[in-house]
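Would you mind keeping the following structure in view while I ask a few things?
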Amino acid sequence: MDVLYSSRPLWAVLVSMIAAFLILATGEKNRNIRESWTIMAALAKFLIVFSMVPVILQGKVIEYTIVTFYPGLLLQFRIDAFGMLFGVIASSLWIATSFYSIGYVRGLNEHAQTRYFFAFAMCLSSTIGIAFSANLLTFLVFYEILTIATYPLVIHKESKEGIMGGRKYLAYTLTAGCVLLFAIGMIYYMTGTLDFKAGGFIAGSGSSTVLIMLFAMLIFGFGVKAGIMPMHEWLPTAMVAPTPVSALLHAVAVVKAGVFGCLRVILYVFGPGLLHDLGIWLIMAYIASFTIVVAGFLALGQDHLKRRLAFSTINNLAMIVVGAALLTKSSMTGGIIHMANHAFMKITLFFCAGAIHVKMHKDYVSQLDGLGRQMPLTMGAFAIGAIGLSGIPPMSGFISKWFLCLGALEANQIIFLFVFMTSAMLDVAFFFPIIYNSFFKKPLDDVAPHFDEAPMFMVIPLVITALLSIVFGIVPDAFFRFFSLTSLAVQNIMGVG
Amino acid sequence: MKVIALIAVIMTGALLIYGVEDMPKWSDPNSPASSHVSPQYIQEATEKTATPNIVTAVLADYRSYDTMGETVVVFTAAIGCILMLRKKRNGEGG
Amino acid sequence: MADQFAALIIVVPLIASLFVPVIGWWKKRLCYPWVVAVLVIPLISSLSVLNTVMTTGKFSYRLGGWAPPWGIEYMLDHLSAFVLVIVSSISLIVAIYSKKSIEDNLPEKTVPFYTLFLLLVTGLMGIVITGDVFNLFVFLEISALSCYALIAIGEEGAPMATFNYIIIGTIGACFYLLGIGYLYIATGSLNMADLANILPDLYHSKVILVAFAFFTVGLAIKAGLFPLHTWLPDAYCTAPSAVSALIAPLMTKVAAYVMIRLLFTVFQPNFSVNMVPVMPILGWLSVMAIFWGGIKALAQTDLKRMLVYVVVAEVGYIVIGVSVANRMGLTGAILHIMNDAVMMACLFLVVGAILYKTGTREIQQLRHLNKKMPFTMAAFTITALSMVGIPPACGFFSKWYLILGTIEAGQWVWAAALLCSSLINAVLFFRVIECAYLKPMEPAYALNGGETKHEEIQRDEAPLTMLVPIVITAAGVILLGIFSGKIISSVIQFAVPASF
Amino acid sequence: MLDYVISKYNFWIYIILMMIGLYAMIGKKNLVKKLIGMNIFQSAIILFYVSIGVKAGATVPILSGHGHGHEAIEVANYINPLPHVLMLTAIVVSIATTGIALASLILIYRKYNTLEEDEILKIRKETGA
């Protein structure tokens, strides 16, 4: 494979880190300058990341070594199609979220805004670092930074609830970090290398018991962030965070980093061939399917809108994992492309929840009656996102589900087809009442609704992301080339394994 | 405390006695201690340092750095006592 | 030229300490600038020595021109030069910091304090630099005596803690002295390099075995390794801020250095690892140290006391790295000597600054400290994250190597202990961070509907002489982490015995 | 057997002395007794070292033939000087340590008016310090 040596990956990571410190230095007094750092960094980051897409699509990889400790032990960036996909998702959505955040924190007059924007920028930095990592050590480094950078955002409210949520979050993620550290140390000891390789590199380096244990540890470590049951507990409690945080981090950056890690482990560390031989792919798929169904039912029971969305996130992330675990070409394509599709749809939904919170100070599903007439743009976007997640064409969600179902058939595992169907049903069940109530029911407080939207800073981003999820449903390869990247990644993996 | 002390003492003593077995006999002129480094002191010290007392020669010349350390130890102790005991002239019976 | 630098490292602070009483007698104020200025020289010298060692390899410096093993020599290799740089830089930083702490708490003791401060530094550097086992003992005692005296002037309970420390510390030193005696009786030599040559033929002698046992126990006492740490918590906790900031990072680390020196230079790894069962014993003791230190730390409400128990646990880290006896583990141990020195320095400096400003060390009373002392708390947070093992702070990298070492040695429980310890650290430090940054909701706030209407809190940052060292060490925590690859490939790699 | 014991009697003596000292340091309640134990301990080590230097049939290492540098110096005629040198240093160290320890005892006595460890612990518990 052609390798292009370039420092662009480093800059893509550094740009928001630099911005983070500029934000800290600017402080509360010059809000506009501080916010302009965020936006400039978001744009710069996206441009840097996006400028590398054509190179990747030519089948090359971009590499940059930061530092070498011992042979085989180094911090290195290497961008392949899969990493690129994640990088593009995160950096493009950061732009939308930046604008949205400004509207949100100013709309609510939040405290500690500098800390908020600082932590946000750090999170993005580490997310891109994760996307571009060439090996498990680099991955772990950025993964741990991400853990800590998210903490200030989780406890942002500084209420009892927030602090408890933060504690829970740390307890889960730091434990996971320790387990990962150990597992990665083991892998280094066994193989002498940690480099991701399409189709896996670990085969044949240890007995199957050891490999299964390592697999379990790694999936546990990454699965915590991905919210795979039974490690999902922290995610709903972390919903006390401000909505843009929930939107970008708990729908895109943090949890996707976990899923990304799981997929890296499944496809690039162990590889389809080895997982088949070990026979754990099916167990993995069952566990994730269990998560899909249970999370769907739990979501039904939530009245708090953001918590409902959180469970829907858990549900969808597990779907991605199932896609990878089924180890067929279509299921992988479906899983990977769902990372992108879910990101755009779910962020739309969170944006809507935040807009409602800022405008109406309403957080519960039961309070949303008749809101559609007052905030048609917001609720319209919500409807698009919800329909998309339920997998109804022409939204992008349909495409990913289509591939996933195909994959289940290819793998001769009809049961997963039913799982996906059930999940779609549940999606309909917990989203459609919201849409129905908000558009067709009378408002609770009998005031004649008039058009009164949230601040433009918030509405425009959410409309754009909603529109994009339609566009991706019709032309999956539009703008960001998600589909090309996905098929390239799948090709690489299947070409070897 | 007494029990701990007794155990510690017995263990230490046992270890020491165990070590004695391989020790050279007392006052053996051919023991390693007397045959590796020290003969050269005895032979050369007077010549090189012009001091008939070999202990002095070693103390103040070959290993003068140790002796400097020794004086520093005394200095340290003196300053340490000053540091600890000064102050509180008024009251507290000091 | 580098030879002379090696001599300056000891001579300058030593002679300077003699001048402190003179200067203090003339003008008391001048003691502080004098000490700071003087301590710059060992730092420059040790950096230059390190540079020489890196370019031309290890060298020795004969004192008085007498050839070893008859005379005494300095042994300057990668390991000692590396530790010298750590000792000299930390002592300079703490010296800068000491100004306000001493002026306020012990104004009448300025002169003897600074004299002993320099002597302590001299002693520590003498231990590191020397190539003679008996000379090492002399400097060990210089550092110990000055340390005793400096601790004794601390708060309530300090004299008693000091006396305990003296008794146990003397046992440690005497055990070490006995070890020397046994080595001497079997070999007739005191020079480390010479001993390393003679000893392999004598490895089956019981005398050597006993000598080895006494060395190990003596140094374990000095290093505060569980269960011989009992003197440590009280002594470090009751010492004045400036003193604990100096001894907590350095004393135990230097003892650990001597341990590495003896186990792997004077005795060959072949003996220490294969012929005596000392490595597993040390390793299991470290595991207990880690848990015991962590659990005791969890039980504390006093920030300084908590840190003191963390020191006990950190000793366990280093000793685990030594006792796995492989390249990765020892890399981690040596790296951790540096990282832990910087982290502990930072934490103790912060505690001193908090005590100076607010008069309390109770964790529960640190509320709003992020507004009062933002830079101090930021430094604390960075170091705390490093203690937890979050990259890119340096703590992560030493933990990583230590774990690789334990995995290579197949010691799963040790690996688990290290991992548990970082979780314990997470609980410990996030508890403090929560208290300092996130005020617990008081009823008044709750009534306001959670609105952010707290009273204006005035910024009340520590004085510059305290703040600068704190910020430097905190920056060091990050930078040493980022450049740990460079440090390993250029220095530590060569400090690990070649046979690993 | 007896031969063996007698041929190494210096070691037995120092071991016994050292055990006494060590016991006093750890086991005694009175702080001064602990200190005395420390001194015994150190003296035992000093004796041990000095006994290493002894050679049968040798005399003190002061050269009598000084000035007439022609005669060869017979090594076997003089005892080993090195342990003596080391012990001169060690004695000074032990005195210095004792000094510091005594100073700290003075501080303790000023504060608690007693030098019994258990009484001090009781006082500290009562005052909560």
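Per-chain numbering from 1; labels A, B, C and D assigned in written order.
By our rule, contacts are C-beta pairs under 8 Å (C-beta built on N, C-alpha and C of every residue); 3 or more make two chains touch, one makes a residue touch a chain.
Computed from a prediction, not measured in an experiment: that's the story for all the values here.
Interface comparison, B-C versus C-D: the higher number of contacting C-beta pairs is recorded for B-C. Rounded to whole angstrom units, the spacing between the C-alpha centres of subunit C and subunit D is 29. Centroids of subunit B and subunit D (each the mean of its C-alpha atoms) stand 8 Å apart. The mean-CA centres of subunit A and subunit D are about 70 angstrom from one another, to the nearest whole unit. Residues of subunit A in contact with two or more other chains: none. Looking at subunit D, residues 22, 25-26, 52, 82-83, 86, 89, 93, 96-97, 100, 103-104, 107 sit in touch with two or more other chains. Across the assembly, subunit B contributes 16, 23, 31, 33-34, 37-38, 41, 63, 66, 69-70, 73, 76-77, 80-81, 84 as residues in contact with two or more other chains. By the definition given earlier, chain contacts exist for A-C, B-C, B-D, C-D. Listing the residues of subunit D that touch subunit B in their complex gives 7-12, 15, 18-19, 22-23, 25-27, 29, 51-58, 61-64, 66, 69, 73, 75-76, 78-86, 88-89, 92-93, 95-97, 99-100, 103-104, 106-107, 110. Interface residues of subunit C facing subunit B in the complex, by the touch rule stated above, are 14, 17-18, 21, 63-64, 66, 69-72, 108-109, 112-113, 115-116, 119, 122-123, 126, 132, 134-135, 138-139, 141-142, 145-146, 148-150, 152-153, 159, 182, 184-190, 198, 205-207, 209-211, 213-214.
Subunit C makes touch with subunit A in their complex at residues 328, 385, 388-392, 396, 399-400, 403-404, 407-408, 415-416, 419-420, 422-423, 426, 430, 434, 438-441, 450, 452, 484-486, 488-489. Subunit B makes touch with subunit C in their complex at residues 15-16, 18-19, 21-24, 31-38, 40-41, 61-66, 68-70, 72-73, 75-77, 79-84, 86-87.
Per the touch definition, subunit C reaches subunit D in the complex via residues 134, 137-138, 141, 144-145, 148-149, 152, 156-160, 162-163, 166-167, 170-171, 174, 177-178, 181, 184-185, 190.
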